[in-house]
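In what follows, subunit A forms one complex with subunit B and a second complex with subunit C.
For the complex of A and B:
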C-alpha cells in the first residue's frame, strides 16, 4: 500500500491514490487513482453520478476520502481542509458560481488573494488586476457581483480562483449553461492559463469544448476511472461509449 | 423656530442611540443569522454596569463596561449560541430569549427591581438661540455618530471589513478561502454585544435604570434592521434614522401612545409591502433561481 502510494506520487503534481469515498451505504468513489502532472491539462468526463465532482471535492479538500490519500508536490495533504489547500496552491471553481454577491467583482478577487492566497498590499492588488484582465472582467471590476449575468459569474469564479495564485486549477463544469459562443470565449481564457503552465483538471459535459484545451481525457463511471489517455482514444473507447449510451445511462 | 431646533436635537439624540443598537443587531443577524432577542437586555447590562461603577470616573467606567460587554458576548457565543446554530431558527430565538430572561432576573436579584439612576458626567447645558439642551446628550450623540462612522469605515474600507462582509455574504465560500466561521462568529458576537452594552451605558444617565429597560429599545431596533437591505451593515443605521424620523414626526402632532401605535403599524405595513427587507436568504434564493 505504502509502496503504491509513494511510486505514484513521483510523477505527479497532484495525486489521488486509492481514493474511496462513501456517504453512508452509498459508495461514490470506488478506488480511484488519479495523477495530474505539472503543466498538464486533464479533462474528466462521465455520466451523471459517475463521481466526477466528488473526486474534485476530494482533491480540493472539501471532502476527506473514506480511505486513500491525496498528495500535492509529493507531500501528503489528505488531512488539510479546503482553505489550507487553497493556501498551498490548489484552487477550484464551483459548478454553481458562488460569488460574494453584495461585494464588487474586485473585492471578490481581493478577498481571495489576501485570505485564500496570502498575498498582501500591492502584490494582492496586482494579482487581482491580472486575474481580472485575463478573465476579461476589468471593465466590470467595480460592479456588484450579484448584478452579473451567468457568463460573467463563471468568469468571476475563475478570476477569484486565479487570484489565490494557484499551481493547480480545479474547474467544475465552468462551461455548463453557457451558449457555444460563450463557452468558446471561456475556452480561450483557459487555453491562455494552460500555456502559462498552470496545471488544470476540468470536469465538463460538453466534450467538444473540453478537448480543445486538454491533452488528456479521463472517463469515470460508477465511481471508477474506466478510460484514461489521449482524448481521441478515450472518446473512441468502447467502455466509454457504453457508459454514455449503455442501458444504465438511458435515463 | 425654537421648538423645531428642540425637536431636531431630540431626533438626533434618539436616532444616534437607536442606530448603535440597530447596527449591533444587524451585525449579529447578518453574520450569525440569529435574531438576538436579548439585545435590549445587553443594553440593560451596560446601564447597570455603569451604575455598579458609579464611584469611578465616567471615562474609566465606560471602557471597563465595554470590556465587560466583550467578555459577556464572547462567553455567550462560546457557552450558549454555538450549540444551537445548527438547531434552526426557533432554537436560536429561544436561546437568546432565555439569555435575556437570565440577564433580567440576574439584574433584579443583584440590584433589586427598584429604579436606579446615575448622574451624567457633564451637567452643563448648551444654548442654541433660545433653546437649552443638556450638553451630555449633545456630546454622546456626537460621539456615537463618530463611532458609527469609524465602524462603517472599518467595514467598508479595510481588509478586515472585507473579510467580515465576505463571511456575511457566503459563510461557506469564505471558509474555503480561510475565513474561519467559528472565529468570525465569536468575534462578531463579542463586538456586537459590547456595542449594545456601550449604548446602554451611554444612555444610562438619561433614563431610570431597571431590569426591563431594554424592552422599549428592542422593537424599534428590530424595525430599523428589518426595513434595511439584507446583509448591509450601513442599512440598520439608516433604518434607525428613518424609524426615529417617522416617530419624531408623529410625536410632534400626536400624543405618544397614538404615535407609537401608528409607528409600529406603519413599520409592519412596510415589512409586508417590501418583504425582501426581511428575507435573509438572498444567496439561497439566487442559487434556487439559477
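For the complex of A and C:
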C-alpha cells in the first residue's frame, strides 16, 4: 500500500491512496486508489451502495479512512478534519442539501467565505456576490434558506462551496431530483467552473448529464473502482454494464 | 473585481441607527434612576435588568448557537455561591460579586469539552445534570449550612438606601455591558459561525467552521452572564438558599422570555425580558395562577407564534432595530423583492448573453488569498 501511495501522490492534486473504509463489519470502500489531477473534472458513477458518497466523505474529511491515506497538493491530509480540509481548499456539496436554514442565502455564503475561505470585509462580500451571481441566486440573497425550494437549495450548496474559494470541488449528486431543464442549468454553471480551471469530482446517477462536463469517468461497484478512463470507453465497458444492468451474481 | 460598486452589503439602516441612539439615550436616563425614581421602582428596574441579562444570555446560547441548555441555573447558583465564599474569606463584598461570577464563568471552560460534544436533547439533559451536581456539591459545603443557606452578611455594612442604588447601578452597568458584548459578537464573524453550527453542525464543518471553538466562546459567555445575574440577585436578596438559586425555574423563566420575545432575534430577547417582568409585576402575587398563566402563555406562543413576538414582526415587516445580519442590496435590481415576485423571476431564464458577460467579468472564483 505504501508504494501505491508514493507513486500516485506525485501526479495528483487530490489523491486517495489505498483507501479502505468499514463501518463495523460492513466494508464500504475496499481498496480505492483515486487520483484527481489539477484542472481535471472527473465523474463518478456506480450503482447504489457502491461507496461513491463514502469516497467523497473520505476525500472531504467527513470520514477518516480505516486504512489508507489522502493527499492534497502532495501533502498528507488524512488526519485533517472536514473544516481544516475546507480551509486548505477542498469544498463539497451535500447529496441532500444542508442549508443553514435560519440564515439568509447571503449569510450562508458569508460564513463559508469568512471561515472556509479566510476572506474578510469587502473581499468576503465580493466573493459571496460572485458565487451567488454565478449560481443565479442574487435575487433570493436575502431570503431565509429554509424557505428555498429544491433547485435553489442545490444551487446554494454549490454557491456556498464556491464562496470558500476552493481548489477542488466535490459534488455529490447535485443534479439529483431535478428536472432535465433544471439540471441543464446547473450543468452550465459547472461547465463554467471547469473552464476556469477548478478541479471537480462529481458523483451523479444521470450519466448523460455528467458526460457533458467531465473528461474522465470512474465507475465504482461494491467499494472498488471497476473502470476508469474516457467517458465513452467506461460506458461501453462490460463490467460497468454488468454492474448497472444486473448479472451481479456472475461477477 | 469590476463590480465592486454594483452591490452594497447593508448592516444597518436609518431605523436601526435611530434605535441605537434611542437605546443610548435610554441608558443615560436610566443611569440617573436612583435619583429620579422611588425606591420601589428602583428595586423593580434592578430585577428587570437581571431578567434582561438572563434572557439575552439564553438567547445567545440557544437562539443563536443552538445550545438549548436547561441547566444555566448551575452558573446562576455557582456565581452567588462563590461570591459568598470569597466574601467570607475576606474579599470586599462588591469585588466578591464580580469575582464570584468570573470564577463560575471560568469553571464553564473545563465543563465545556464534555458538554459541547453532546448534541440537542443530550446537551440539554447534560446541562441539567451539571446544575443538579453543582447544587449537591454546594450543599456539602459547611459554610452553606445545607439547604438552610447562608447570607452575604458583609452587605449589611451598607445602608439599605445605598445598597439599593449600588445594586441598581451594578445591574444596569452589567446588563448594558453584557448586551453590548453579545451584540458585537453576534454581529461579527462569530455570530455567523455559531448560527451555522446551530442550523447544521456537519454542514458548518464542511465550510470550515471551527465548531468547538465557536460553541465554547458562547458557552463561556452565557455561563459568565448567568453567574453575574446570580451574584446580582444575591446582592438584592442577601440570602443564599441553594434550592432557590439552583432551581430549574430560572431556566423556565429564560425559556419563557426568549420564546415569547422571539428565539434567535436580538430584539426578541429584550422584548421577552420586559414582557416577563411586566407579567410578574402584575400577576406575581397570585401564586399558583401566575405560574399556570405563564405556562399557558408559553404554550400559546409555541403553537401559534413559534417565532415569538419580535420574530413575527421581523418576518412580516422586515423591521430590524438591532440588526446582527447581512442584507445584500443591488441598486440595479432590488435583491429584497417580496417572495412571490422573487419566485416568478426565478423561473424566468436569465438572458444568456448577459450571463456570460458577467461570468467573464468576474474572475475571482478560482482565486484564493494565501
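Note that the second predicted complex is superposed on the first by the 244 of 251 C-alpha atoms of A that agree within 3 Å, B and C clash if a C-alpha of one lies under 4 Å from a C-alpha of the other, contacts with A are read in each partner's own complex, and residues count from 1 in each chain.
As a working rule, contacts are C-beta pairs under 8 Å (C-beta built on N, C-alpha and C of every residue); 3 or more make two chains touch, one makes a residue touch a chain.
Nothing here was measured: the structure is a model prediction, and the numbers come from that model.
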Partners on subunit A (subunit B, subunit C) - clash or fit: clash
Partner chain(s) touched by A:193 [first = subunit B, second = subunit C, both, neither]: second
Touched partner set for A:182, first subunit B, second subunit C, both or neither: neither
First (subunit B), second (subunit C), both or neither touched by A:112: both
Contacts of A:129 with subunit B and subunit C, given as first, second, both or neither: second
Partner chain in contact with A:83 - subunit B first, subunit C second, else both or neither: both
Which superposed partner A:164 touches (first subunit B, second subunit C, both, neither): both
First, second, both or neither for A:96, with subunit B first and subunit C second: first
Which of subunit B and subunit C A:147 touches, first, second, both or neither: second
Chain touching more of subunit A, residue-wise (subunit B, subunit C): C
Residues of subunit A that lie at the interface with subunit B and also at the interface with subunit C: 62, 82-84, 86-87, 98-103, 107, 110-112, 114-116, 164
Residues of subunit A touching subunit C in the complex: 60, 62, 81-84, 86-87, 89, 91-92, 94, 98-104, 106-108, 110-112, 114-119, 122-123, 125-134, 136, 138-143, 145, 147, 152, 160-167, 192-193, 196-198
Touching residues (chain side subunit A, partner subunit B) in the complex: 62, 82-84, 86-87, 96-103, 107, 110-112, 114-116, 146, 150, 164
List of subunit C residues in touch with subunit A within their complex: 1, 3-4, 6-7, 9, 189, 192-193, 195-196, 198-200, 202-211, 264, 325-328, 330, 333, 335-337, 339, 342, 345-346, 350, 355, 358-359, 362-369
List of subunit B residues in touch with subunit A within their complex: 159, 162-163, 165-166, 168-170, 172-180, 231-232, 282-283, 286-287, 290
